[in-house]
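Once you scroll down, you'll see the structures, which are given as structure tokens.
In what follows, subunit A forms one complex with subunit B and a second complex with subunit C.
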Partner chain A sequence: MNEKKPAIVCRCSDVTLEQIRDLIRKGYTSIDEIKRITRAGMGPCQGKTCGPIIEREIAQITGSKIESLAQHRQRGPIKGIKLGTLAAGGDHKHEE
Partner chain B sequence: MKNVDIAIVGGGPAGLCAAITAADLGAKVILVEQDDALGGQLVKQTHMFFGSEKQHAGTRGIDIGTMLVEQVESNPNIEIMLNATAMGYYPDGVLGINQEENFIKIKPLKMILATGASERMIAFPNNDLPGVFGAGAVQTLMNVYGIKPGKRVLMVGAGNIGLIVSYQLLQAGVEVAAIVEGSPNIGGYLVHASKIRRLGVPVLTSHTILEALGDREVTGAVIAKLDEKWNIIKGTEQTVVVDTICLAVGLTPLTELIDQGGGKLAYIRELSGYVPIHNQELESTVSGIYVAGDLAGVEEASSAMVEGKLAGAVAAKALGYKPKAAEQIIEEAHQELFDLRSGPVGAGIRAGISKLQEVRQRC
Partner chain C sequence: MKSKEAVIIGGGVIGCAIAYELAKRGMSDITVVEQSYLASGATGRCGAGVRQQWGLESNILLSKYSCQALEQMNEALDYDDDIEFKQGGYLLLAYGDQQWEQFLKNVELQHKHGVMSEIKTPEQAKEIVPHLNITGLKGATFHQKDGHANPFKVTDAYYQAAKRLGVEFLTFTEVKDIVISAGKVTKVVTTKGDIATKRVINAAGGWSNIVANMVGIDLPIHSERHQILVTEPVKPMQGPMVMSFHHSIYCQQTPHGSFIMGLGDPVNEPRGLNIDNTWQFMQEMSEIITNLLPPLRNLRVVRQWAGLYNVTPDAAPILGSVPGVEGFYLAVGFSGHGFMIAPMTAQLMAEHILGIETTLPISIYDLERYKRGELIREPNVV
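For the complex of A and B:
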């Protein structure tokens, strides 16, 4: 439209649609690759927002079906957790 | 380490019904919910449900939620964990839970995942301006906290969520400028669409949002018409003056835990994306892990409740609890699901489920 305003794909790490499309055109055609370059999907929501958008963009630009794309790994922890809590790791309360 | 018969992740309609059914059959259950209250999306559903009496048709979602939560709370076989988020599922069958400052490990004999779905977003210029909301967030603000999201809203998406939330906005005294829908047809039930139309809100099919306008917050949106190939028709752009843009563009199942547990996923568009491959008794490709509700394929709360009941009965039966009674519940649940999915509105789901069965046979 008028002046260029970014369309945000990953709100956790401020990654734009333009960045994602550039990468796909350069040949980075999996969510995991794009994640490692841009950090899209590594924020608090762990890809819940950007994942489906990136999948669709990859499919559209590469002319393939979403179902034929490589599935991305969904590693734990699913949400942010304090290191202390994780390290205390067990059945007793974490002491401050 | 906590040992239990069945761990259920998710305290929405599917998880609640799974817990009640399994516990009634005698199984010891832990119900894990990340929110500070049970009920899931039912707590903000102020509209009445469809279906038959068995799925509480004619009752408001929020009242169904209250009723199910009371049943869960009064059942001595159910331990409820609130503010508890399942962080990961490990190859040794341990579920890691973060509850406040504690990391708790649970090793269940069976697990029912009822994690639900998350809202989809779309990318358009300025979509990070304050005033751009997901429909679920708008519903939570209004119906749970009593806060209006704005004065005048553009709704994006005419599926059931878009239609219902538009109606609830109108009920709350918020203007709805229009509903735009990319496809040539309204996706939601005609009953909901008719209510909106009677109140004078235009439903613009084959239309999409191009960008949000505003410097510090939303002051408007540009929309345009799409041709049959979903390309924007030049010259049809128009500006609507709104302070809120509400996105109701679909849901995606939350598959992280089942994925980590080694369960295979399949992309089935009719079920809203990647779903765990499962059989008719809702068992995933990992023995002893069952899926229910939107995770198994995005549908309605009514079918989520029945799937919860089914998964609860199947898991309890597998552990040897009252197999005859369980079998009867399983049969009933199958019949209820069949009824809920019959007719033209169930066509998409039926197609999705048969695709899933094809994939399952191949793997």
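For the complex of A and C:
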């Protein structure tokens, strides 16, 4: 891998592959723990991009099966939604 | 069977901080047992606000000392990361004469204890938060040294410091039972084996009464869901946490740029261990906040979640020993403000457990106060 260009795993929160691997080696071996320390998965996409990559890294480093890892919880909203739209009962016309 | 000096049940900020404070004072062989990962309970779900603007001497001092601890925490715990303590202040909004009178009394008391909060007119409040809608606002109080910290990092800082002092952490391990013999704690039964011990500390947050029941005690306590949401990050536009008891809301911008907001006193929230999220919360929250802080209507919510308040009859924690069960200690019932008082609370607990004179009186928080009728009546609580 190119030394100068770190691989970004979570583009929403700028988290690198190295950071993730470091944490897993230190014992933060669930997606929930890694998320809370690094913010990976806390951005607009809510882990839809980085989630699977982090799971794969955990599985590889800890030698466990991906299926056996604890999943992080999906919560609403499915897509970012403006507070103004919510306040208007979901009416997008209200938006500026 | 392994044997320990103390077993702490719960790896939230309270359990981790108590472990550190005990180890720091020389206790060895401590185990923290956490059923999930650290900060998986209320701690990692909270608004993480830290204020010293309270209406009782006890709360002012507890939060003041805790705030001082947070100011020093990165260095004191030799943390290799950052707890992200931002002291952007708390702006408390007053509506109506009665609330205003109370606020003025609170400020007087705060000043007596060196918490230099300031009284603000609605116009002055607007200078601090320019996007605040001051319609109907009677006045506000502001204290610059209030703020918020990152709850995962604070817990992580305590965890790492405690671990360096030899504390053992068993995560993804649940305490199933506590064995008592002749009125004394003797053993903790976990999903990963038994631990012999003379001391058990109940720091189980929303699950505290389940743990208390294991030693035959029923606490005057319940858990209730509280919901909260976060928006996408935007450029810095709001210094302080804005809090309104009238609307029962709080809203802050984190150093990272996102806004975090929640309802402090929701109607219709279920009791028990339910932490699902609801559409109703999103609706109610957004209606209040877009009225109070109108420009926020353009921010996108990226996630909503929920956590448990563990609530006592006077919304103040229960701390200390329990008559009849030697070696069993309580640090429970923190309602919506356990994070901000965690550092000093943990210190008091450690001092109490080790039989050292406590820095602040701890007996006012004992379980027996409900029988004595000596409730802690804090006017400034959500």
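The definition used in the following text is that the second predicted complex is superposed on the first by the 85 of 96 C-alpha atoms of A that agree within 3 Å, B and C clash if a C-alpha of one lies under 4 Å from a C-alpha of the other, contacts with A are read in each partner's own complex, and residues count from 1 in each chain.
Going forward, contacts are C-beta pairs under 8 Å (C-beta built on N, C-alpha and C of every residue); 3 or more make two chains touch, one makes a residue touch a chain.
It should be emphasised that the depicted structure is a prediction, and the values quoted were computed from it without experimental measurement.
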| item | value |
| --- | --- |
| Touched partner set for A:46, first subunit B, second subunit C, both or neither | both |
| Subunit A residues touched by each partner, larger count belonging to subunit B or subunit C | B |
| Contacts of A:33 with subunit B and subunit C, given as first, second, both or neither | second |
| Partner chain(s) touched by A:76 [first = subunit B, second = subunit C, both, neither] | both |
| Which superposed partner A:66 touches (first subunit B, second subunit C, both, neither) | first |
| Touched partner set for A:7, first subunit B, second subunit C, both or neither | first |
| First (subunit B), second (subunit C), both or neither touched by A:89 | both |
| Residues of subunit A that lie at the interface with subunit B and also at the interface with subunit C | 46, 73, 75-77, 81-82, 84, 86, 89, 94 |
| Sites on subunit A touched by subunit C in the complex | 30, 32-33, 36-37, 39, 42-44, 46, 73, 75-77, 80-84, 86-87, 89, 94-96 |
| Residue ranges of subunit C in contact with subunit A within the complex | 37-40, 44, 81, 152-153, 156, 230-232, 256, 277, 279, 282-283, 285-287, 289-291, 296-305 |
| Subunit A-facing residues of subunit B, complex | 1-2, 85-90, 96, 98, 101-105, 118, 120-128, 210-211, 222, 252, 254-257, 259-260, 265-267, 269, 273-274 |
| Touching residues on subunit A, where the partner in the complex is subunit B | 1, 4-9, 11, 17, 45-46, 48-49, 51-53, 66-67, 71, 73-79, 81-82, 84-86, 88-91, 93-94 |
